[in-house]
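Would you mind keeping the following structure in view while I ask a few things?
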Amino acid sequence: MIGLFIGRFQPFHNGHLEAVKWMLKKCDEVIILVGSSQFCYEKENPFTVGERIEMITSSLKAAGLWQKCQVLFLPDVQNNALWVVHVNSLIPNYDLVYSNNPLTRTLFEESGKKVESIPFHDRENCDGTKIRNIMGSGRGWERYMPAAAVEVVKRVKGPERLKSIGKGDKFEDVEEEE
Amino acid sequence: MIGLFIGRFQPFHNGHLEAVKWMLKKCDEVIILVGSSQFCYEKENPFTVGERIEMITSSLKAAGLWQKCQVLFLPDVQNNALWVVHVNSLIPNYDLVYSNNPLTRTLFEESGKKVESIPFHDRENCDGTKIRNIMGSGRGWERYMPAAAVEVVKRVKGPERLKSIGKGDKFEDVEEEE
Amino acid sequence: MIGLFIGRFQPFHNGHLEAVKWMLKKCDEVIILVGSSQFCYEKENPFTVGERIEMITSSLKAAGLWQKCQVLFLPDVQNNALWVVHVNSLIPNYDLVYSNNPLTRTLFEESGKKVESIPFHDRENCDGTKIRNIMGSGRGWERYMPAAAVEVVKRVKGPERLKSIGKGDKFEDVEEEE
Amino acid sequence: MIGLFIGRFQPFHNGHLEAVKWMLKKCDEVIILVGSSQFCYEKENPFTVGERIEMITSSLKAAGLWQKCQVLFLPDVQNNALWVVHVNSLIPNYDLVYSNNPLTRTLFEESGKKVESIPFHDRENCDGTKIRNIMGSGRGWERYMPAAAVEVVKRVKGPERLKSIGKGDKFEDVEEEE
Amino acid sequence: MIGLFIGRFQPFHNGHLEAVKWMLKKCDEVIILVGSSQFCYEKENPFTVGERIEMITSSLKAAGLWQKCQVLFLPDVQNNALWVVHVNSLIPNYDLVYSNNPLTRTLFEESGKKVESIPFHDRENCDGTKIRNIMGSGRGWERYMPAAAVEVVKRVKGPERLKSIGKGDKFEDVEEEE
Amino acid sequence: MIGLFIGRFQPFHNGHLEAVKWMLKKCDEVIILVGSSQFCYEKENPFTVGERIEMITSSLKAAGLWQKCQVLFLPDVQNNALWVVHVNSLIPNYDLVYSNNPLTRTLFEESGKKVESIPFHDRENCDGTKIRNIMGSGRGWERYMPAAAVEVVKRVKGPERLKSIGKGDKFEDVEEEE
């Protein structure tokens, strides 16, 4: 059985890794699809697709899960009605979609796919928005991510990037910044 | 005389149908252009272009107006200055644009087209935003739409779709939904 | 030495012109790059790329700076990580980037370019957002822009355009406007 | 029963009109989809989508078939595997596809749609390539097209356009033309 | 050491598999990048990106190489000068590019990457063009591909697809086919 | 009077420079528009838009014509019917288009612009195709280009680039090259 796990993974955190482990109890293979792949250096999307792929693959390797996983990515499609078809054009055979998001569930179910929920792991802390906020303004974000993913974030200077993004879009008129 | 009626028609409601009837008093033919055609399964744009076209054509047929109308569509153009030219590349000959929106009026007037206002029909209720809100959370939306359009909305499970859209974008991190 | 000055120039105002003069004390040539070139007839982006280029070139000519400048433009790139590379594909040789925006500075510095800050000129008034607001609702905007740029704004009826944009997107349902 | 008739219609000729008549013996409605809609002013694609739509609608009106037809269009999709899904996003309900092209037949059949062949009408002359060639270099093309479509071609100066297209792409270096 | 192996893999054949084996003598990991990912159902590009990824991953698994490989894909970029940067945005860290194509070699070398040639394996037969031709018109193509890739081609009816593609583009006028 | 000179300028040669001089006898200013700006590292389009802009500006500066010229660029537009409008969105005010190409002339004339022919200068040799061929395979191309443009071609290793492009597209299967 092949499972499909879809997310933006901004960043890939412990909750995601625990979810993969949980899926692999049932599935022989998990395909991890990095969505909104084209966005980066934005407040909600700080990391590039390459950085996210590297966070995921290095965390899976460190956890001994790599040979049972595959990582792919998908840029956004303007027309949501065509989104599942774009997913399917990348991954011809999968049996099960994992998602807790109602719209994702609806889109896959309308296309005839089976969808299952994912149990939460340390939901209070393993939350993308929260981790990005800590990363951009405080400290302690490292504890919520796999060590291999932390290393990627540090190498690309993630916290500094989040701080510079927070000061406004790159086309702000010069007079609006000091 | 050929009139052009532009809108997003999310959904097509009684106000739109009354507007077409009113235009046909003056025009021999009305071309109905479905704008923002590429968006769907979004809070402001729940219905696909195909669903909107079907709502419109079936309502016009039921009202006996089909042979005097034509329905086309247009995806958004990033550059607003080129929007009227994109419209014109689809519809070579039209005499009159119907719109109550100041920017649409400006864009067509600057291109030399004649623009007229549309009288409102039951403005308080025949309002896209209001109908979408009722559809997603309560009941009674059917009374503001032509019966043939209601049928399309029901067949594609519009109210369920609006509820699932309201819970957040399909790329929300798994921990943010239950 | 060739300097690169990046902005949206919505509109080109006295602060921008003073900045160019200041850069030309150090640089032999300044390349002015009009960003977000594809947007126009929007609240934050009222002017077309052609209008902005004309504002800039006519102001530079009037100030006797034209032969030391070049004006180019760049549409937005979805993937911010690729933005500097798109800039570089237009302008093969430049020595120095002028910007006060942290994200722009980060993106250029990560690509190995030298970045310098721009001293503010009459910062309180020479501010794009403020000038657009005055232009759309009051009077007196002319004093903050070079005379040649003012002429372009007047010829294209900038204040009227800003007023019509302020009433909502061109796809607002007809019932929502009067 | 709703039939779908797909083509480029460069131009719409007698063979196409006869095909619609033949389909309407079996179908209650025929949806005519203008493909490759974005191309025009090219040797293989001389007419704009608007001109093609006008040729078709005016020919159908003259033949008294308009109330049983609907005309839509579709730009090309780079990924052929997604093409049928784009078609379906425009036309939610159709029962039968008419096409003599093996690839089109394969794509629709693989998606589960029923496909039927179209009998040829005056195949030797009612041929898009042949009619474009005559239009660009000789005379007599009018006899192979419905009168209403001929009128559109004449109004937009089709023969002159085909002659100017034949002399090379608009970016040929100046020295290559006289 | 991480190697990068780029190709269209239309289809993935024995020569490609032998190349990966040869690279893994030197590299700890090989990233296989499927180029021109958006094209399919065309004479030169019959297989979808999903089908190609499946051919590659199943062949690598059967050969016991999967844990040392990663498969990604990239749509074409119009501007060749930006192509390597798009590759790099997907794969942040690689040491070596494998390619026998002069333009690919030039583009990577100009960006500062090290490039090496690939020794040929049964060059006369392990050739994409030749295998596609046999697949579309004769028999015996199976012997040039890994068994797991053959299975994918058979499941998606590759030979039938190549035959139907060979009869012309999906927008050929109806009169041109029988 | 402002003249518009459109071309691909692959590369900018003596014929182009002579044409600008000739236009400036009549015009106060010439805007040089680099078309097909997105293509490069291709047989017909070897140079990037940045390289072409640099060839043109450095040649004009050396010839003392820079202050009377402006260089802009435009990516191709799929829909030729919209091409002149895209040009106009960049260059709001020009009086005269210079072109010897029938399709370009038709497109501008249909939009109401005045078009004039350009006298040829050493037509036999000042020909883009011919110069590219010499550059890729022989020698002596330098004599047909302004010295400043020659310098740009040499710095970016134009002849080597043309040789590597000539060996086939970057996605050729590895077995097809040696």
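In order of appearance the chains are A, B, C, D, E and F, and numbering begins at 1 in each one.
Going forward, a residue touches a chain if its C-beta (ideal position, glycine included) is under 8 Å from a C-beta of that chain, and two chains touch if they have at least 3 such contacts.
Since the structure is predicted, the reported quantities are computational estimates derived from the model, not experimental observations.
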Chain pair showing more contacts of the two, B-D and D-F: D-F
For chain E paired with chain F, centre-to-centre distance based on mean C-alpha positions, whole Å: 35
Approximate Å spacing (C-alpha centroids) for the pair chain A, chain D: 44
Touching two or more other chains - residue numbers and ranges from chain A: 48, 79, 81, 89
Set of all touching chain pairs, with the criterion as stated earlier: A-B, A-C, A-D, A-E, B-C, B-D, B-F, C-E, C-F, D-E, D-F, E-F
In the complex, chain C residues that touch chain B: 38-42, 48, 75, 160-161, 163-165, 167-178
In the complex with chain A, residue positions of chain C that touch it: 6-8, 10, 15-16, 19, 35-36, 78-81, 83, 99-107, 118, 120, 123, 126-129
Sites on chain D touched by chain A in the complex: 79, 81-82, 85-86, 89
In the complex, chain F residues that touch chain C: 48-51, 53-54, 57, 66-67, 70-73, 88-93, 156
